[in-house]
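Chain IDs A, B, C and D follow the sequence of writing; residue 1 opens each chain.
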């Protein structure tokens, strides 16, 4: 398997299966001399961890991160930061019933066909548990970026969505409810919807919107590594993501050029921002914003037909402790991946300086 | 500038500005012994080239590709394939009026702020002319892939869209009209719409759908380099793209798990394909399909306010020979980028073989 | 810091400081389905560990490796292999005397100037302790390669050298003495020399020769990533290495073409092997052999002038538990790095197959 | 084939066969705003080109470089620099006698076995003609580096060597003779030796020494990408190179620590420089110097046994226009590769700045 690294200069490599001994990672390329707030890192992990509210999986994992290297007397040293999160609450026996069964719309079948062997317990490497490592790295990236602000929030659950532009929202309210929606009235409807879905043993999809503010002009590498292309890849690499759009997105495809163009102010800002803060793959200093679509979690607590490795269709009763909607716990993951992309491009931008 | 390379094992690096001497590229990693049909490569370029129909820019560029290396007696040799497309029809004087002016929703401002210098003629490196090199490499990738079929087509222009699933379309009809829409009735409406928009000196957005068939099970690297994440990045790297979704896409975010799951047949295929042919980042052998959103071209042949480098708002009359809608010429580019992703992942998959 | 990863497809990333909590790494790209002998991996670590004999440092570190991921029921799964070696015997107080002092011919000064901060305890990241992680990865690579045999041995210590071609040596005797020299008479002289040097509180350099046998034809990527260039980089990345030569090496620079050419046998083997098993950067099936020069360890147990961070020359008494000669413990490191290069190129070679 | 790129941030990718239409490359990552002296680039190529003196091959190739992109009004723009050198003097018929024959100690056999097809004319991709592209990129790197001085020179031919430390040489005399040896008396002996060897239809090896001066402290990435490891790989990637040593090199392996350590001056410089300007993989501000061993050219103008593709030993008469000694033409190649390594590490160093 390749593909366990992300970033060119601020680079995260992760390892670990859902029910193995531990998950973790290495951050290579973090500059030296950054004062790290380790509690803030753990706090980000807590936003992602299971069991945090009634609308997420009731598994209990402390998800405590331990750092092995790269930090000395509270500061980064420039050497690789190795970290680990020990798995403590695996109920691996919960998964013996799927040992030889491929669950529909899971990665069981494709992993088995690709590798010929898989750690079936809890989805193994395909589990979203891997994203805890991303949250650790993203939290460090956020501290490195400091003045750049990255806020993600739940913008829709099923058919329920926030009916306001993000500019009218108060990001300080994102953490004030368990669905992480800064619009209180919408948040309540979303929570009710998820509770209803959960009772049915079903799951539901949703979207997350992310806004990146105070970005300097000039981030992003044109051509193949455009800033939005890197953000798109980052988001699409998160489990259950089916789509990505930035700025005007799919709506922009219905518009005319005379409507869509963002006219300049004399200071280089623009009167509108359908571009989403990026022109030609390079940040223009306006807010970067994008939207990410998550499918409903595939594990439903209902009877479903599945395929076994002998090529038979077998009835399977979904069980285990699963999320009825992945979106609230995915909010910190979206922020983390955005932070990794921005941090990497901040370092890449240094290369291009004309001041030799 | 970094970011001028795409792919890990089947790797394309491109160079060239819109009004420089030439554009071109190097393909590194193409296996040896592949018989190349050079006319078929040129044919792909012809699908992208300007002046091919009344609904695209009327610039005349022959866009003839010349190969400098890597091919011997009709076969690839395994060495890097260097190729060039000479620029022949530059009317650089057409651009002297924008020398010190940043056009709205173009890359003029961001390039200038990032690099402190830019070749302003025809957009320079930010011009979609660069994509001709991608089409060359994609055409070679297609020949390498042979049995895997990649078909892209125009699925919407403005509000006009094909109201059928792709399974009901005849891909052999894609090239039968200038908009590259396999549904004739819709194609006519799209063409009329573009002609109307062009008369207004305006432009319009659209979407392209791409379907990849006969893909073996097991393509794609889980975690950060999921197959759909690579496809998404590839598409988002194309000029004017604002969004990407695969399988159920943004619609999937509104669905319930019990509706969204793709149940298996005993041969491992699935009864439905909301997953879009990919599970956990790995192809499952079903059709891969995705949709790409293109914004309207920013150059409108109307008066618009622009910013100059002195910090003044100046009125600018858009001129030059521009596309009223980028979508028909982008169809071969979408196919090319898809071919590059699939070719790269075919090579990566070899690494994972258990047959040592 | 970049540069903590090695390999393109079989990729090792390491982390960890000499006196931090742990060192470790991630191996990404190891194919699935390889049965791993975990004891054999530990055995390789034991060949490198301190305290193993009277002629190496008397520090006692168990250097026990623990695997966190990527192995299931005894086989590799194709997912990244995360591993850790906890540091257990740090006597960090031994190093307080160098907190603000740059020891001559150490990395203290350069790390401090580059990063502005350093973990000074035991050399931190610059310590050869990092190479334990390489030995773990190399041991896995060796098991993957199976039929390819990699043997390194001490070929000289100071002025004492083996006066025979490697073909006259019995590699099974490498482990029969503490200096790891398969020629018993020479080994004894080397050991006496090191004991004498150690009594003086001094250190001494040496060379290691490595022979790789049963290599298939066709390993190595021409041009920049020639097989011997990758081997050379791998060896030069080991602490204390000052030179690398393969085949005829520096002697070859004194020869004439008519003497140096390796004439063919009809089966494609060659009558001589001054080429060292590589032509044009690609293996030709003959033995690959090379020689690596190690400088004397910089820490001498004598008084020496050093520089402190205030810009003063201070007298420093070398102390701590150090190796009088790095070579015997470097033998498994040389083998490990060679194994990583060969494993990576075995995977790369698959990409080039003509059998599409 | 992989391996046609060099560098991480200042990256060169090359293409081209000896007797194809052209060779060339792309430089990606050169910062914008660098004023380029195109004549100085051509001048570097002229130092490498065939036919320049009586002791090198008498082929006549103008080796004129043409730039296609990345330069605008005399300055780099930050976009990729595409360049080409057209092949003009191929006498491909000179090579029909080796179409099915593997010459001893050439890459004919290994390329054929690896790729199953090869452009046999003039060695194809394995020809040192490829290094002309390196010289172009290296010349641009040199201009970017400006204050850092890189001087290579011929330090030995066969048994004849300069018997002085490099500090006693006047680098301004390197170009004053055709062998590129700054010590006039030694140069004359070397030239006589080569003329004698040439008359015999034979060839001879030699070494090149390279000195890099005015290097700032802090270049190089510790662990796998140590500065000397990158230099070593760069040199070993040049055709015909068999060995690399820096600082004390192989001699250092015979020394004692008390002799080898470089004691500090109060300004951080060192009294001696056996370290070769690098500690722990990072430059310390002292001169970096290293030595590169070149084998004798394999093509001798004598009768030799060769192998044909039918598995028969055939007698072959070497012909064509070949170098009796590769070293004088390799001097600018060594400098170019050194410049690429230093330029890349200058850009990498920016990433590590503590000044966020």
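Criterion: a residue touches a chain if its C-beta (ideal position, glycine included) is under 8 Å from a C-beta of that chain, and two chains touch if they have at least 3 such contacts.
Chain by chain, the UniProt names read as follows: A, B, C, D = Chorismate synthase.
Bear in mind the structure is a predicted one, so any value in this text is a computation, not a measurement.
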Requested in this report: For the pairs C-D and B-C, output the one whose chains share more C-beta pairs in contact.
Outcome: C-D
**Report entry** Type of chain A (Chorismate synthase):chain D (Chorismate synthase) copy interface by residue overlap (half), same or different
**Finding:** same
Query raised in the report: How many angstrom between the C-alpha centroids of chain C (Chorismate synthase) and chain A (Chorismate synthase)?
Result: 39
Report task. Find the geometric centre of each of chain B (Chorismate synthase) and chain C (Chorismate synthase) from their Cα atoms only, then give the gap between the two centres in Å, rounded to an integer. Result -> 46
Report summary line: chain C (Chorismate synthase) and chain D (Chorismate synthase) have mean C-alpha positions lying a whole-number Å distance apart equal to 26
Report summary line: Among chain C (Chorismate synthase) residues, those touching two or more other chains are 1-5, 9, 14, 29, 32-33, 78-79, 114-116, 125, 222, 351-352, 354
**Report entry** List of chain D (Chorismate synthase) residues in touch with chain A (Chorismate synthase) within their complex
**Finding:** 9, 29, 31-34, 78-79, 144, 146, 222, 347, 350-354, 356
Report summary line: Touching chain A (Chorismate synthase) in the complex, chain C (Chorismate synthase) uses residues 1-5, 9, 11, 13-17, 20-26, 28-29, 32-33, 66-70, 72, 75, 77-82, 84, 114-119, 124-125
Query raised in the report: Considering the complex alone, what residue numbers of chain A (Chorismate synthase) touch chain B (Chorismate synthase)?
Result: 1-6, 8, 14, 102, 104-107, 109-111, 113-116, 125-126, 130, 156, 158-159, 197, 202-207, 217-218, 220-226, 228-230, 232-234, 236-237, 239, 242-250, 252-268, 270, 274-276, 278-284, 293-300, 302, 304-307, 311-313, 348-349, 351-352, 354
